[in-house]
Amino acid sequence: MRSSDPVSFFLNNLSLFGDKTAAHVELSLASIGVAFAICVPLGVWLGHLHRGSFLAISVSNIGRALPSLAVISIGIGILGIGFRNTMVALIILAGPVMLTNAYVAVDGVDQDAVQAARAMGMTPLSVLLRVELPLALPLIFAGIRTATVYVIATATLATFAGGGGLGDIIVNEPTYGTAGVVAGSLAIAVLAFAFDGLLALVQLGVTPAPLRRQGRRQRVDAIVEASWETGGRR
Amino acid sequence: MSAPAELVLAAGGPVIPNFGGGSSCVVQNHQFCLSWFEHNWSSVFEPRLVEHLELTAIAVGVGMAIAFTAAIIAYKQNWFETPFSLLSAFLYTIPSLALFELLVQVTGINRFTAEIGLVSYTLLILFRNTLTGLRGVPPASIEAAHAMGLTPRQTLLRVELPLAFPAIMAGIRIATVTTISLATVAAYIGAGGLGELIFDAIQSGFKTEFVAAGVLAIVLAIALDIVLVLLQRAITPWSRRRLAPT
Amino acid sequence: MRAVPGSDIKDIPPRAGRRHRLRALAVLLLAVLAAALVAACGSSSNSSSTTSSGTASTGSTSTSASSGSSGTLTLGTKNFTEEFIVGALYQQALTAKGCKINYKPNIGATEVIDKALTSGQIDAYPEYTGESVATVAGINTPVSSPQQEYNLAKAFYAKRGQVMSQMTPFFDTDAIAVRKAFAQKYGLVSTGDLKKVPHFTLGARPEFLNREEGALGMKKVYGVSNFTFKSLALGLQYQALDSGAVDAIDVFTTDPQLASGKYVVLKDPKNIFGFQNIALVVNKNKVNACPGLMSTVDAVNRLLTTPAIIAMNKAVAIDHQQPGAVAAAFLKANHLG
């Protein structure tokens, strides 16, 4: 169904956008969920033990460098096409950031606080749960946020692997026309921004008040930093 | 299935030569056919690899030229930072496939369009890192330079830029690796490079090509990352400590 | 990130005019960026040609010649195997006759590549007669022979400013294919029989959904609408059908995979998919770009019988040889390369 401009195309095809967005978000969140379940506990644990710094740094560097389409390509070659297989690729792309952030966050917790807790007779597990994790939460969460926005942007490529999502609209100019391609592109950008904004609010919520910074320059930096993290490595 | 010998059809029909068939690995589309990969390395993979490097080099080079100039201007004229940051941040947030498809409407399906997109994506990282690096120069160094009678331009060239170099290099490194990733997607709009092989594989379903092209792209990205790290350490041995997060 | 307050570089007295010059430079940079954007918008009909020698050909490609200069032809192809092969055949045969070919394979589907043709980004590309009529021209008159289809296409292009070469003997249409067991279970012989299936998934390339010679035609002409459409990047359809991800797929009748016996190709008695012979479509102003352009293309086309194209399709799609190499071997064997 062709329209002359993106907005009317969007309004005329609400159910199409609804379906594609739902598929897109479902794929993204499922991948994030699994990556979170695997990588964050691992990172937290390693950080608690102060072990594996080389592993964490290497995973971070390699993970940052992985070209997303290449990972999807290998996924198709080895696993074939479809939702589940695209998910595996996205998990691989989302994991490193969360792992590294979790590690650095817990590893970097102020050791005075940890020592004090131990001196009070807390078990290592209690120290982890009641001292280290709360202090590490902001940075852990920053990793989740970065990974989520990155996956949402990258899930656009799922269309090439039969994984559905808003990418289906973007690559189908013959059916949806220029207006459709533009509308689809804007939809993904808006989706990415929306999730980033939502998670920024949640992040603000988990950051203890003394650690929050305000100020105009910091806000501009924050915008710049946020979109830098948003785009990430696609 | 053995290939047919030369078939000569009824008078007037074409000669269909023996094209040579394919190994059983290829015909049955096994996971990875090493012999096919080796046989086709120089005609298929190597040219695309070179093309990919060219795409990346041009994008990072042009991006650096623009972002570097902009960062120096922003360093001296603070008002410039916000508009340029917001512009490059805006470009950066648009998912790559979407941006390339939008650009195609304007400049067509070719490598030039791809380069415009790729350069746009490098601007934010390079600008931000260069500016951060310049701003991170200890004021004492600048004062000392002035005390010694250096002009602002000499200070910039001989004191501020060298001290900002680690951050600048970190930016180039991130930009390079990001561009390699984006360039694979750019093949969708005619840029060539390793992404072209991935899209060929999507069209043919040939597993070996999926795996080979994907692995090559990953190896390229990691290799360049390591090379740039080593280069950075070689040129600035005095700064092993981390400045900007790398 | 900020320098320590109080030691700001602005405290140091500037040289006369320096700040003024820098401000001018900043404004100039923004202006240049804006101008570049405007210029890019304005040049949307120009082709900026850099070589993109796709893997579809190992033949020579010319460098940096825009489609305006004489003696050069910018040849494009669509995004699938058969087009790569035919494109490579034309490219090599014409190059052997002294034509300079700027080869741009893998541009996209019909709608995309036709736009590239009319906007001058390319000068010519191989097109299927039925596609020209139904998709490009939007004509839905039922036809009953390849010649009729060709005549309709040729007339349409002539009115619009393009010329068609002679057509190939072979034609390659879309068709719906299902797994053998699936066909047996529901007694499927013709496309219309799909109505008998309670519900099925149909996988095809994205543009198939909206085409008269596609899902739309299936609904309108056969009354088949009991399916969910799954968008598949062109090339993944056999994989999807084999794995059971979809129940039916759109195939090309000259696909070498069909010789395996695993699939049943449903008949199309009402001819919704048209007749699809290939001919080269050239912009009128480039017909004489090279000496003997049309006669060379006609000579190549005469060779393309169904067995020939299927053999070449097999070499590229199953044996994974390079289209350029296969084209070269074929032309050489027939004294045209």
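Should a chain be cited, it is by its letter among A, B and C, assigned in written order, with residues numbered from 1 in that chain.
The rule we apply is simple: a residue touches a chain if its C-beta (ideal position, glycine included) is under 8 Å from a C-beta of that chain, and two chains touch if they have at least 3 such contacts.
This is a predicted model, so every value here is computed, not measured.
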Graph class of chain-chain contacts, one of line, ring, star, complete, other: complete
Most remote chain, CA-based centroid, reference being subunit B: C
Identity of the most central chain, Cα criterion: B
Distance from the mean Cα position of subunit C to that of subunit A, given in whole angstrom: 36
Separation of subunit B from subunit C, taking each centre as the mean of its C-alpha atoms, in whole Å: 27
Distance between chain centroids, defined by C-alpha means - subunit A, subunit B (Å): 22
Of all residues in subunit A, the ones touching two or more other chains: 160, 171, 173
Touching two or more other chains - residues of subunit B: 105, 199, 201-202, 208-209
Residue numbers of subunit C (touch at least two other chains): 1-2, 108, 112, 233, 236, 239
Contacting residues of subunit C [partner subunit B, same complex]: 1-4, 7, 9, 12, 14-15, 18-19, 22-23, 25-26, 29-30, 33, 40-41, 43-44, 46-50, 52-55, 58, 79-81, 104, 106-108, 112, 116, 119, 121, 233-236, 238-239, 303-305, 307-308, 311-312, 314-322, 325-326, 329-330, 332-334
Partner subunit A, residues of subunit C touching it in the complex: 1-2, 108-112, 206-207, 209-210, 230-233, 236, 239-240, 243, 245
Touching residues on subunit A, where the partner in the complex is subunit B: 61-62, 64-74, 76-78, 153-154, 156-157, 160, 167, 170-171, 173, 178, 181-182, 184-186, 188-189, 192-193, 220, 223-224, 227-228, 230-234
Subunit C contact footprint on subunit A (complex, rising order): 80-82, 159-162, 164, 168, 171-175, 217, 221
Residue ranges of subunit B touching subunit C (in the complex, touch as defined): 1, 3-4, 6-7, 9, 13-17, 19-22, 26-27, 36, 40, 43-44, 47-48, 66, 69-70, 73, 76-77, 80, 83-84, 87, 105-112, 116, 132, 135-137, 139-140, 142-143, 146, 151-152, 190-192, 196-197, 199-206, 208-209
